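Going by the order they are written in, the chains are A, B, C and D; count residues from 1 in each one.
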């Protein structure tokens, strides 16, 4: 098998540069690439565009990059959990493109799949549709959306093997599989890295062909955003 | 959980009628819905259009429906293993639409996903592109392809549960997952039907929402088309 | 007496039928799950990637890898499945979800809905709402009839940026149950003790009132 | 001496580099797997849904649920993965596969290829070939230089229905190795003992011959 392992997050981030476009997996704080985000902060990479469903919270996730003003533009579907984000957006320091969540997922998936454009009904008749081709299919209006282009995709999986095969857990899966192979270089961090041949080939969510670099992540905080419980 | 189980293949095929369009999973003879095909032969449904990657062999798979002249039109990517098929096609008895395999898979997937149209480079400049919109994306020509419409999808899985969740095995997976939810009614036959809650929710390939009816299949022959081996 | 949020949810729960896959938005819609009859089988989909969502976990059993679209910790029922975001919206866009219940800031009498943005003031994003309202065949809006300033949220035309056009079918507010018919609000039921006159007053859009309007029965 | 099919495969195997994902077509391309150096890591993709395809199974160990695109029983190597057809073509269309090796009935000097249909005579279908040739950046054709009637298969323009346009990069035949350059066939290597004159005679399309053409070394 082709070996995709790199020693650590630093090696995994080789080649990142100011002005690049990054995809980052996760929904809220669940399934976010914590190690990669920490490395981006540490390296101080600037003027980046981030494609990510959310923007983290003030002091975790992508909020850490926002604090350091490293992000030029966010492409997201929902950004409502972050005061610093709101401040930068309303003051015009931060460019924000809000797009429907399903369109966000499908534009990643389309990039992975070599589908440059597709039609969706989402957003027709709204400001999301402005400047986009509209077309009727089966008596219903749709708009043309394009595949994303990104330099790096940073994803987080539960288990991975040295060949780059990935398995996700629970709802931490979310956008992560759709971003694999959707950028020039896909960097996967995993909670448990195992030798190729350990994972059941029927259970692999993302084959290693979509992953260029994989490493064993460290010190996952896995912070919970809304702890809701019931009494026993 | 919503219970999708039906007693047998006969109940699973309630509502099929002459002139309908069917999707059938499988690649070659691997992962084909053997029980559903036998039922379609038994019921003698006529003038049907079949969307299936292959057309079976003379005496197995969709070849059984061809023998009985039940198929009006085949939509496939490769039909080269079937003498009766070739005879009917060359004599004009059978209408045949050949399309690229990836386009076939994506047109099923698009139907499942509510994407009415998408662009692919496959077939540009060939007779497959005739009458289709061509458009340049990123300096490369693509053609517009549409989601399929079908009345029934017949798929075969390895394991399934009463909620309709499906798990496939090996390369018997192929088109089966992409056809689930791509027709008005999806009928899944499985080698092993288990109670809901038995399967690991992380390992489910197709959630039950894409399946309307599920039943325990019987007497799988699982014929091998090309037995190739090496000596021990 | 206008309905409480719980009562709005309770009334909407009556629209949930056996065998339905249901997507619940944040806020009042989330409460609907508590009122669904327990002699029918329903599965809740959360667009971040779970079908068969269960109640909140017991204290100490929270799993950061198991949340709903509101980022709350949840559980998975036996028979649940997890999937990626693209597949989740295949369920939604592909019209496999039977019922969508969501909140709104404004609903217009042609079925337009606005619920994601107040220009210059509140810009949280549409999340999955635009996909949901553009695709679902059966959309129920749960909301208060008027905003905090007392202005009607049921309008001739939305003033806020739209989430979707011509898509809302039914609305349950603290005052009544309405259906969109022929580009008007048709009054179906009123909250116990609330008069048709009160509803008319609180509704900016055109209201159809035919015959006697029964009180909501839970 | 023209090359045998095995020798064509053996020559093509030299094009397979460490770290490549490779899709092999039916026929001669399938044989390439037998000649890949074993000090490099390569993974074979088969478009029916496996990455990490291994050799044929031992007698008695055939699994009907484990076949390749040629419907032959195969094995999966440790580290292999299975996936559905849509994902398989995501790999292909998305240009994640590094090298595609396939057969052809005709190749034109502009890189056009025909390999799926002889009108009125043979209509087996294109299978995955149209997706492969439309998407792959690195396509090598493996074929005999002439057909059974002795006619050249390397043409100014294809006469058969096309599989793809302007896509072939390299061709290895029983007579030589060619590259498509500026809409012409550029001769790179010749089979041991085969003369440039013989290759010219067997090639209908325009042939570029620059300097001394070395013999193929395996």
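Convention: a contact is a pair of C-beta atoms (placed from the backbone, for glycine too) under 8 Å apart; a residue touches a chain by one contact, two chains touch by 3 or more.
These numbers were taken from a predicted model, which means no experiment stands behind them.
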Listed by label, which chains are in contact with chain B and with chain C?
A
Fewest hops from chain A to chain B - one hop per pair of touching chains:
1
What is the chain whose Cα centre is as far as it gets from that of chain C?
D
Distance between chain B and chain D based on Cα centroids, please, to the nearest Å.
28
Quick one: report the Å distance separating chain C from chain D, using the average Cα coordinate of each chain.
56
Compute the distance, rounded to whole Å, between the mean C-alpha positions of chain A and chain D.
36
If a residue has to touch 2 or more other chains to count, which residues of chain B qualify?
106, 113-115, 120-121, 168-170, 201-202
Note: chain D residues in touch with at least two other chains are 50, 76, 82-83, 86, 89, 92-93, 135
What is the shape of the graph in which nodes denote protein chains and edges denote touching chain pairs (line, ring, star, complete, other)?
other
Every touching chain pair, please?
A-B, A-C, A-D, B-C, B-D
List the residues on chain D that touch chain A in their complex, please.
19, 21, 41-43, 45, 50-52, 76-83, 86-87, 89-97, 135
Okay, in this complex, where on chain B does chain C touch?
1-3, 111-115, 161-163, 165, 181, 196-197, 201-202, 204, 207-210
Would you pull the chain C residues touching chain A in the complex into a rising list?
46-50, 55-74, 76, 82-86, 88-89, 92-93, 112, 116-117, 120, 123-131, 134-135, 161-166
Please output the residues of chain A touching chain B within their complex, sorted ascending.
106, 110, 113-121, 135, 137-138, 140, 142, 146, 167-170, 201-203
Footprint of chain D on chain B - complex, ascending:
27-31, 53, 76-81, 86, 89-90, 96, 98-106, 108-109, 120-128, 158, 168-178, 205, 222-232
